[in-house]
Every structure is written in C-alpha cells, then in structure tokens.
Amino acid sequence: MFRNQYDTDITTWSPAGRLHQVEYAMEAVKQGSACVGLKSNTLVVIGSLKRSPHAELSSYQKKLAKIDDHIGFGIAGLASDGRVLIKNARTQAINHKYTYDTPISVQRLVLQISDKSQVSTQRSSKRPYGVGLLISGYDEQTGTHLFQTEPSGNYYEYKAIAIGARSQSARTYFEKNYQTFEEADEETLILHALRALKGTTGDNVELTSKNASISIVGKDRKYKLIEEEQLEPYLAKLEENAAATTEQQPAEQQDDVDEEMVQ
Amino acid sequence: MTTHISPQMASSGTQHGKFEPYVNNGGTTLAIPGKDFVIAAGDTRLSTGYSIHTRQSSKVFQLTDKCVIVTAGMQSDASTLHKTMHARLVHYEHAHGKQMSTEAIGQMLSNMLYGRRFFPYYTFNLVAGIDSKGQGVVYGYDAIGSYQSVEVGAMGTGQSLIQPLLDNQVAYKNHQLVPSKELDLERALSLVKDSFTSAGERDIYTGDSVEIAIITQEGIKYETLQLKQD
Amino acid sequence: MSMDNFGLYKLMHEDAPKNNNPLLEQPTLAKTHTTDPIVTGTSVLAIKFNGGVAIAADTLASYGSMARFRDIERLKSFGKYTIVGASGEYSDFQYIEEQVKQSLIDRDYQLDDGRSTTPREIYQYLVRVLYNRRNKFDPLYNVLVIAGYENGKAFLGQTDYLGTHFEDVTLATGYGSYIAQPILRKFYSEKNGNITEQEAKDILKKCLTVLFYRDARAADKVQIAVINDQGPKIDEPIKLETQWTFKGF
C-alpha cells in the first residue's frame, strides 16, 4: 500500500478527509478468507471459508462462533481480533439474560460491538480491530437479521452479503438470487451459502468439508454449527446440482463464469 | 430472622427499626440419588410470614442436560444464585465446548457460596445430577458452601419432618437388617411424593404443588404433584 | 420546620454545628441510608382478564398516620406495554420511575431498532434494581406490581424491597394481601379465569372499597387502569361510593 505522511497514527485526518489507519484495517478484512451470509423469513445462515497455514500439517482456523442460542458471528480478517469481539459479545449476551431474563436484541448487540470498534478509531493509544463481522440473529419481535460490521465502527443490515477475500463473486451471486431467499428452506439456504462460498476459494482450491463451515440461527431453534462430516451431504448435493445445471442451462452457467473473471 | 417487615410496611409509616436484609420464604426441597437416576423436587409455595405470595413459584432450576439445583430459603437470593450459576455455566460452555460435569458444578457452587461468606446467600441447596460415571449423585450444602455428597437430602422448612424418615427409608439408617435390594426409581418417586404430602400436612410453609425433576442418562423429565392449598 | 423531625435541615444547613467527635472530620451526612419508609402509599391490586390486566390503587401518600398527599398517582405507565403500581415509600417510587424512564429512552428510543422493552423485561430489571439496593443495605422501600400486555400475552408480576419476585393471575400488596387477595383469588377461580375487562375493573373497585373501610391508610379516591392490546390506559381518579349508615359503625 502507498504510504504517505498522514497514515502514521489513527487520529490524524488526511487533507482528503480520510483516516488511513482505519482504511488499512478495512484492508485486513479484505485479505481474510471469505464469509458469506444470507437469510430467509425464519432462518439466517452464515458460511465461512477457513484457511490453514499448512494444508496437511495444520488445522483450520475457526471463523464461526456461537454468541447465544439466537446469535452467531462469522469473521473475516484478523481472527485474534475477532476473538476479542466474540468474547465481548458473549459477555453482553449473558449479562442481558441476567438482567432482563430475555435474549439480547441482535440490533442492540451490533450497535454495542460497533461502538466498541468506533472507540479504537478515535484514540491515539489504540489500534482499530482488523476484523469484519457477519452477525446473524433472530428476534421474537423483529424476526431475522443479518448485519455486517467494519473496523471503522460502521455497520449495515443486509438480506445477503459476503465479506473477505474474493467475496465479490459471492455478492454477485446473491444479487442474482436474493429474491428467492425469503421463502427458502434450510437446505436451500445452506446450498446457496456454499455455492456463494465456492466462488471465493481462489485458484486450485476446492470447497471441502474441511475448509467450509456453516452456522444457522432462526425461529424456534438453537444455534447450529455444521462442519466436517455433517457438511458432506450438502457438498454432495452441491455437486449434483452443479452437474444438473450445466446440462440444462449451459448458457447461464457461461454468464457466471464471465462475471467471476471480471473480479 | 425474626423481624420481618410484614406487608403492612406499605402503610406503617414512620416506624423505626434496623433494616433486615433476610427473609425466609419457606418451602421444602428434596433429592434422592439412585444408581442410574436422580430425583430432585421442590414445592411451589412462596410465603413471607403468614402470607402466601403465590402458589406457583419454582424452586427447581435446570443447570445442564443432566443436572438441576433445588433451593430453599430466601427466594431473591436463590434466584440470583441460580442466574449467576447459569451465567457461569454458559461461559464454561463457550470456553470448553461442552457442558460442565455435575461434580464440577458441585464444587463451583461451594466456591460461589463461600465467596459470599461474609454476606451469605440465605439459601439451602441440593445439586442433583448424573455424574461422569453415569451414576445419580446429590450434593447437599449449607448457606456458606460446606458440602458433601448425600444418600438423601432434604432442605427447607419441611426438612425436620422428612429427613429422619428418609434417612431410615432410603439410607437404611438404624436398621438391624439392611435390605439388600437397591432403591429403584419407582420407589424413590413414591417416597418423594409421600414425603411432600406429609410435610404439607404439618408445615404451613409447604403446600400447593410439588415440581419433580427425574433425571436419567436420557434426559430430564418433569412431573407435578398437587398438594393441599391450606 | 415542623416537618423536620429528623433534624435534617440543621445538618444540611451551612452553619450546621461541627460534629463533636474528633475522629470524624466530616459532618455525619457523608453516607446516609434509608432505614424506614416515611411517605407511603398503601395497597396496589391487580387481576388478569381476557386480553389484558387491570390494576388499581388509591391516590393517597401518607406521612405516618397523616394523610399527607391526597392526590398523587401510584400507577405509572412505562413504555408501550407496561403499567407499574407502587406501594411503600413514594419518593423511592418517583426515583424508580425516573430510572426506568431513562433506561427506556436508552433502550427503545435511542436504539430505534423497532423493538420495545417488554413487561417481563421491565419486571426483571426492577427485580435486579431492588435486589441490588438491598445488597447495599440501602433498600428502595417499595412493593411494586408490574402489569403488562405484549404480543397477545398478559403479564402480571410483583417485586419488593428484598428482591422477592413472582408472577400470578391476581396480586395485592400491603393490607390488600390480607383483605383483597382472598377476594380476588376466589373471584378468579370461580370464573375459571374467564373474566371480562368490566368484571375485572368492578371487582378491583369492590376490593378498594373494602380496603377503604378497614385500612386506616387507604383513601376513597382511587385510580383503576387497564393494559391490553390498545396499550396502557390509566383512568382519572374516581370517588368510591361508601355507605356509613350501618348500625355497626
């Protein structure tokens, strides 16, 4: 990245009205392996692509975390920074349950996490969190939610979104298909998540039950994590569907490939 | 715990006295461990003095898939203790990816109670669960954290009425010939029910209904037994 | 200063005499705890009915045996779904009211997430506030009744200055727990819980009348409030009809 005289500390503005250190933190998010999220009226699914420092010798880094029965996190960027926010969010959830005897509202948690991130952009003694979050949540009063947070302290709510390396293809995929998500069932949502994730793996990397994982929250159910063997059936279905689609609509498949090449 | 501020507090105006932070809300709890099961129960009456606040206040709190706590004594301390334990258990599950064992819960409660040694929770607890060997276990506590595994445990205002009988009928204390037949779930459940019916007969703080948790390796089932409301 | 039977005015005044104890450099106002309720409200009554909860209290705050404030409100609505009724120290209730209102501003308005604090959340929050104050040996001397209606469900709970808390279909505090609660419980069970809004208000009015006859700290000016899917509605105070011509009186 191009260095200039306004990027050595967090709190100094550039004449162009930018906070370079904060923007560098956002770059860290873009370098992290992808996280995708989408929701229906009753369910929210987060999918993540995991990296391992060494394909054969090491384990994969965990990127999905349960915050409470109704809230899940997915992280992209510095996983260690992510753990700090996860720990904080879990504490907030527990404290809310203690004081009010009800599950914490997703919106409230997102706001509190974002406010925490914002503080790190305005103090010279601090460093912004180098992590972006996808936050899935279900709320009795307001239904399903999917949020994205940034190191800047900004947050956005989405119907479907992807963050991290090569996530543009996933966003493009969601843009094409999001209208069917509202009424979709669990399996369909998972397959959409995996298909979106598949586009983010990069050259010569396959989506496997080792490097992919899925989390689900939703109405009348508790947080569920799907990975390893439990993911196999979905990956198998993904293969079947892909084969069928190629046979039936070769033209459309061609379109997809073109767009991915643009990234 | 003799000076309780009765409901007239609301209308008694300027009457002077030292603030009494404790109250005994009455009620009885009971737990019996078996070889591969454990039963824990508590009545649902909540009183202060001669007033029954409600007939449906639970003393049983589920901690994990195979462990519950039943608490007699002061209701607000009990529910605070239950909530704090719950928070600790959720933290544990996040950190370790599994539920806390019944033995660990037993020690944790002792630590939590002793942590309040100089302003104790006015609570009398029984922790009932399946241990890591798959056997039923009950831990009995005093208010400040002394605890031990017991063969049968009763707490609260009905304790003095039912503990001696259960010592005899469950732990076979003071028998010349100890029956070799071990306690089965059916007989344990029947003893629990009879104990509460009897306590309800003589103890004014015990009554209304009993909430019974039956814990086995398969999970926890709940039963309710109606008691007299007088 | 005829009201100043604690000598607080003298202590608070600038030229208050210095404490004679040489060990204490500060005047003894540094840390004070409430030891007794001073200005108090008497019973609060409430009963669930089909589609809501009715709650009632009189409008009197007593100073000992003196009817000190005869037109105060002991029922307050908190947010969209909740009414709280208070017996006990009136100033503590006013303090609680401010606290809860501020917390609702933080939670419901500032957050603007389309989510409203539910009656159960307000109830649990109040339980924690009252319990934490008893832990500091500085209690808020109240017994509170929390009535609410949210998402098709009626809520009715009670909590006091020790943090004791419970829910029920009928509730009564103070002398009402002796005099009104048996009447309400009997009414509720005879009706099998199948009670209309009007019936609920009528039975509360009847109980308030009985209380006025026998509780020397009760007044005949009362408020009856209802909370249902239309939100909270606290009626203007009404005068109870009483009959004093019985031979027994």
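Read from first to last, the chains carry the letters A, B and C; within each, the first residue is number 1.
Here is the rule we go by: a residue touches a chain if its C-beta (ideal position, glycine included) is under 8 Å from a C-beta of that chain, and two chains touch if they have at least 3 such contacts.
These numbers were taken from a predicted model, which means no experiment stands behind them.
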Can you list every chain in contact with both chain A and chain C?
B
Which chain has its C-alpha centroid farthest away from the centroid of chain B?
A
Contact counts by the stated rule: is the higher one at A-B or B-C?
B-C
Using Cα averages as centroids, what's the distance between chain A and chain C in whole Å?
48
Taking each chain's centre as the mean of its CA atoms, how far is chain A from chain B in angstrom?
45
State, to the nearest whole Å, the distance from the C-alpha centre of chain B to the C-alpha centre of chain C.
32
Numbers and ranges of chain A residues touching at least 2 other chains
98
Shared-interface residues of chain B (touching two or more other chains) are none
Where chain C touches two or more other chains at once, the residues are none
Interface residues, chain A side, partner chain C - complex:
98-102, 105, 107-108, 111, 139-142
Complex contacts: residues of chain B adjacent to chain A:
83-84, 86-87, 90-91, 94
Under the stated contact criterion, what part of chain A meets chain B in this complex?
66, 90, 94-95, 97-98
As the complex stands, chain B meets chain C at residues 5, 7-19, 21-23, 25, 46, 48, 51, 53-57, 74-77, 79-80, 119
In the complex, the residues of chain C that touch chain B are 5, 33, 35-38, 40-43, 62-65, 87-88, 127, 131, 134-135, 137, 139, 141, 143, 158, 161-168, 173-178, 215-218
